[in-house]
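Every chain is named by a letter (A, B, C, D and E) in the order it is written, and numbering of its residues begins at 1.
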């Protein structure tokens, strides 16, 4: 099914390619979802270059991952459910990508979030390894524990996304309040209406949504946890497609972002900081998938640097999105393959020297590794360098992003190499009784395809001409073209710097982990404070937890017990109690003695008489 | 009379007696005398026969009331006024009479304790007394002269004192004594009020007082003092705070049929005369007395409701509830002088209330029959605990209990709702919205205790495993059915009774 | 110096007050009842004084009716008191308080 | 007060009688209230009633005065004494009050009541010129009262009949010992 | 006539039920179900006869009831009330089917349930204010008996509190109704409680405020709005669960419906004047009750608080006083009825199986009863307003409406969207996910055929209306537009 969708997408692409550049945007009218007053929301679809690219990536990668999943999930008893949800995801993702209306896009947006929630929580009662990053650091700490951690992770993902979604919602309200429509056509056509604060607010609110979905600061904490889902899910949703929806949203609504320089700066800044932060944390992780998760966060940061820069960076950002989809999908699937062959272990401390047992996995992973660290001529090299080049050219905040980006490139090279070396080379550290084995063909085939794409996609979509390249030509009409392209010379120079830094990072990793000679565990203990900080993810999760869970629950408990039961309900019961108390004391007057009663009669008479006589 | 006539030089110009005007009262009193004779000369007469005769008398009175329906005049030189209030009050009182007769006709049906007469059953003389009391009430409602008011009040009071103490239970005797002493005390106040009014206006005739009140000699203070003391007397009879204190004790202590009769009948007659005197004759002084009535209404509504909440005896609770209801009626009275709807609202309220409250007491009587014969002297089966699971064991009586309680709460579509509604309308129309809001608060408090009865009867499990089987309750059953039916029927179709009440809005004398 | 009706009226009020006070402070039921009778008689004095003020005999007729009523009341009242106190040693109204609350 | 000098003999006689009787009646009333012995109370009440009858005579109400003496002081008070004998005369201790605050409250409230009524009386009719009842009593007080009774007050008269029946029946029921 | 038949069909059913021998619980069940289905059938016919696109009231009848007071029996439906009638008629058979296993005095229970249905239907169709009030108070009695007689441990406390609380509000409204009546009578001279007469009567703004406040008392208690909500958790928790379905699904709509039908159109100036206050209360309701819901231990109480929180959105929509808000509010009412009804139904089924509702007594149920878990998931997601399900359209429109009216309130209200997900998903996680640790949870059976028959229509409606909300929205539009127009005129004055 998904493959069929891919085929249709390809066909549609060619149809699109057959048209003039400016006439390539088509809008497909669907039925009206709901209408209310001026608001009219219809299931209209937009088929233009941008959505075509996204649709291709989504359908293509998901076809491969479906194929892979057939092997990976072969033994699962609820695999029908799994595939149903996975397909639902693809559908939702396509809705997101193809939507012609903010609200329809939101439908897809939340739809993918739902599928993400469902799939992360797929193993709702399975005990899975929680790798302890402090293992072998503190004496007595176990390497990991087996816990059911998928449900909370799923919930966390959903909630973090919800925070972003509120941004999306409010942004939509603001857009509707400003231009009176939620159709892209109308909104972009009347983008001039967005000025000043409104523009900034709309853009930043949308970016909040992006930050939620694409795991940027401050909402990135859910993505590493999301690794509780089956690995194909991590590959598809949490690496290749869904998490890039934020980047896509910025690209799609670039008109709105261009209306606010502040918003653009924020996007770049957040992207750069996220890239750096995540790369740092990735260094300290021992969990195969979590390293990749932080890597994803980091790479998404690059993409946001790109799309935040304006016309100069849109295409590079999208370009990186595509290449990242390939190589990160491969990396995850490769990791899945490793887990598949190693009893679902994800602790890199337990691997080492897997290359002979898993040659196909190793080779394809090397290809993706090369792409992500930016080995020249691989896909990542082109796309990352285009972003960095654009940032450099953009100047200002871009320059900051460039510095951070280059440094992060070095970190990326380091932690990815660490991952590669610890897993596939050096000593065998796996426990006795385990027999690592290569995965079946149905799994290795997608690995091979993705590995290949990771190597060649960059080259195919780009040329080092200084003119942007094919992708730029294709997407230009939708995303706009920069005033001038960076010169080839400067591009080469910048690439050289980035590549050099990356090589440095990779080299350090080789020294530490590659030969198998250095005792990296001893080093870890020696630099314990630093390591612990990284391993504990800079304590960000703990701070978050304190502010949301601990304080939130305290507030809720305060409201539930003190305010609701004591104050509000207490007031109600108190009123009843007051009546009761008054009545009981009044009851004492009712003594049963005639003379008291007579006194009451006299008292009443005196009051009435006094009022009547003395008032007049 | 003849003796005197012979001694005077010239024959007295005795005015023609307007027999027709007082025909229903005459029928009631006449039947009472007949019954007295029957009881005196045929001590073994069966209760059902006496009740039947009473009902026949009531039927005759009802026929005469219908015959007199369109009569509108002041008779006996202003002593009696035949107008809407009289007419409507007669209807209410006759209905009360029928229900009370049926209740009194019901024998406890329990074997008497060995060696003693049954303490429950009232002597056969209650039937004539009931008729005399009704006569007094009807005369009170029709009275257009303060002297007649006083005498009528005494007729009904004396009858009720005796009826309250007619059984041998200590509680009944205590009730009678308290009622009597306080009643006499308060009627002395009333009498003093009449004296001051007489002094201020030179007449006890309401028309005369009305004329004099708008054109007072002196500064009118004396008349105001008289009004105040009159109010004390009336407020005592209708059980308004702080003149209410006898009510719980008497209602609880008196035999249940008598209590029901008192609760509905006295209130009806009392408010009829209250309306006539205050809204009619003293309407010109409304500015002076309205604050008094309003203030009394406030404390009556609130205190009555609040004190009812903490009661554990159903009869006593109903007594406090009747105090609260007197408060609502006082709202109608406060409105009545300026808003005619106040009069019709009060009258309609009295009618609806009579059926509700008597129905509630009938359920008490029904339950009393079921009690063990050795129940403590002061208590009937009216402690709330006795009603645990009552509705489950007696679904029909329980259902009716629910109807009466909900009607008393004022839940639509039962009669109590329209009654309360109409009074509220009158109050708001008269600009007494604040008073109506107080009435709302009181209604909310009331809901607590009415619901408590339902809680006990419906939501709790029966206390004891089995109850002694009592004899048939034909008379009581008819009364219960009648009260329930009317309560529901007024709720669904109040139109006729409201229209009839509207015709009473013009007070003659 | 003449005795105006005012004097009678004030005297009547005073007697009424004494009666009221008696009801409130006496415990013997029969004395309490006598105090009520005093109140009624005080009112009667008022009636007759007012009759004099008004120059009409209505007040005297009213007083006569009051006596009739008082007589009836006494008959019933004493009946009740006898019925309740026949078996008791005390005639104090304070002892009659089974019903309260 | 304006007629201080122009007082007639009849007026002087009335004054003297009033000055004699008024304190006596008050003392008798107070004595009735304060006497420990119920029989004394009853007798003092009789004294009071006699004083009242005197006032009635002063106020030209001869018929009522006679009825007061015959019915009240005679019949009714005898009934009281009879009941007192029947129930047994016990000395009750009126000095100790058992209900807290009853006496001060009673005193204060009674005084307030007197103040209010007194104020109303003073404002209303205190200075009113007494009309003469001479015209009304032209045929004799008894005749005049009787005429009123059977004309203007005939309905009340009939109603009083019912009242007396009720009283009789009531006494009968209350006194009857049932088998 | 058809409308009258619809309203009183359940009552007739209750009377028939009373004739069924008490021992024949099975017969009583079928009779009750049949009565409710007949009502549903009538309601469906009603829906087909209804002409979409007309703003006025349709299918009505009018007859004198108490002419002396000007009270008439006048009923009729517009789009909003039609939908609520349908909702009532749909939920009642489900509630009856849900109480199939009730054995304790089943006949009485079902009869009272049917009486409740009649009373609630009456509220939705009344076009005479006093008739409305009669039905309004009449709802109390069956509800009281259902809670108090058939409920849980603290049922009596809950029932009395519910009754007294609601009665207090209702009586104040009665004072308000009399007030309008009085104005009307003074203006025209003829007594009438007719809704349209009252609506078209011009009222001074200050007067309007007082009257609005009186109506507010009743509606705010019934809805309920913070801080008048404290009766609700007790009542919902203690009531038998199928009663709670109707209480939460339909009765909670009475209050909002009152705002929509009466408080706002009758007093447009006051509605405008009170708008900030009402929006504030709505937002506080949303956030406060959502927070309180997070720490509940009893799932039923949690859903009860969630219901209050969601009703906050509806009130937010109504007092946006614009087309989006109002349309959204009505839609949300329907959606909320379906969702909360479903949630309580599943709760009831769980309670039937396990005898407890405490969240910590469950866990991992998705393993033992996957189908039930699936249904619960749909309901939960619907309740957190996932787009594509019925809750979203309502939530979006109400928030949008609120945003257009006042941005700050909408943004604060939108935070409720997050909190709603917090407590519902957390509860879902604790009850349905995780390992199946308790032995007693392992043995429970999945949905039976009867339960499928109850839940399937709900789930279908939740999905279908989520994707195709137009049939509902279009019917509401004319009525909502009319209200908007009226308040807009008031705002411009």
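Just so it is clear, contacts are C-beta pairs under 8 Å (C-beta built on N, C-alpha and C of every residue); 3 or more make two chains touch, one makes a residue touch a chain.
What you see is a predicted model, and the numbers here were worked out from it, not measured in a lab.
Peer 1: On the document's contact criterion, could you list the chains that touch chain A and likewise touch chain D?
Peer 2: Intersection of chain A and chain D contact lists gives B, C.
Peer 1: Along the shortest chain of touching chains, how many steps lie between chain C and chain D?
Peer 2: Between chain C and chain D, the shortest chain-hopping route counts 1.
Peer 1: Using only Cα atoms to place each chain's centre, name the chain farthest from chain B.
Peer 2: Measuring from the centre of chain B, the most distant chain centre belongs to A.
Peer 1: Of all the chains, which has the CA centre nearest the overall CA centre?
Peer 2: E
Peer 1: If you tally contacts for every chain pair, which pair is highest?
Peer 2: C-D
Peer 1: Work out the mean Cα position per chain and let me know which chain is farthest from chain C.
Peer 2: It is A.
Peer 1: For chain A versus chain B, what separation do you get between their C-alpha means, in angstrom?
Peer 2: Between these chains, centre-to-centre, one finds 79 Å.
Peer 1: CA centre of chain C versus CA centre of chain E: separation in Å?
Peer 2: The answer is 65 Å.
Peer 1: What's the distance between the Cα centroids of chain A and chain E, rounded to whole Å?
Peer 2: Between these chains, centre-to-centre, one finds 38 Å.
Peer 1: If you average the Cα atoms of chain B and of chain D to get two centres, how far apart are those centres in Å?
Peer 2: 31
Peer 1: Could you list which residues of chain B touch at least two other chains?
Peer 2: Chain B, residues with two or more chain partners: 147, 151, 154, 158, 161-162, 165, 177-178, 181, 185, 192, 196, 199, 219, 221, 224-225, 248-249, 448.
Peer 1: Scan chain C for residues touching two or more other chains and write them down.
Peer 2: Chain C, residues with two or more chain partners: 9, 16, 19-20, 23-25, 27, 32-33, 49-50, 53-54, 56, 58, 65, 69, 72-73, 76, 79-81, 83, 93-94, 96-101.
Peer 1: What are the residue numbers in chain D that touch two or more other chains?
Peer 2: 99, 102, 105-106, 109-110, 113, 116-117, 119-121, 123, 125, 152-153, 156, 160, 163, 166-167, 170, 174
Peer 1: Which pairs of chains touch each other in this structure?
Peer 2: Going through each pair of chains, those in contact are A-B, A-C, A-D, A-E, B-C, B-D, B-E, C-D.
Peer 1: Which part of chain B faces chain A closely enough to touch in the complex?
Peer 2: 177-178, 181-182, 185-186, 189, 219-221, 224-225, 227-229, 231-232, 235-236, 241-243, 245-246, 248-249, 288-289, 291-292, 296, 303, 306-310, 445, 448
Peer 1: Contact residues on chain B for chain C in the complex?
Peer 2: Checking each residue of chain B against chain C gives 147, 150-151, 154, 158, 161-162, 165, 170-171, 173-178, 180-181, 184-185, 188, 191-192, 194-196, 198-199, 202-204, 248-249, 252-253, 311, 316, 378.
Peer 1: Per the contact definition, I'd like the list of chain C residues that touch chain D in the complex.
Peer 2: Per the touch definition, chain C meets chain D at residues 1-11, 13-22, 24-28, 30-31, 33-35, 37-38, 41, 44-45, 48-58, 60-61, 63-65, 67-76, 78-83, 85-86, 89-92, 94.
Peer 1: Please give the residue numbers of chain A that touch chain B in the complex, ascending.
Peer 2: 576, 579-580, 582-584, 586-587, 589-590, 592, 594, 596-598, 600-601, 603-605, 608-609, 611-613, 615-616
Peer 1: Quick check on the complex: what are the chain A residues that touch chain E?
Peer 2: Those in contact with chain E are residues 32-37, 39, 103, 106-107, 109-111, 114, 117, 121, 124-125, 127, 148, 150-152, 154-155, 158-159, 162-163, 165-166, 169-170, 172-174, 176-177, 552-553, 555-557, 559-560, 563-564, 568-569, 572, 576.
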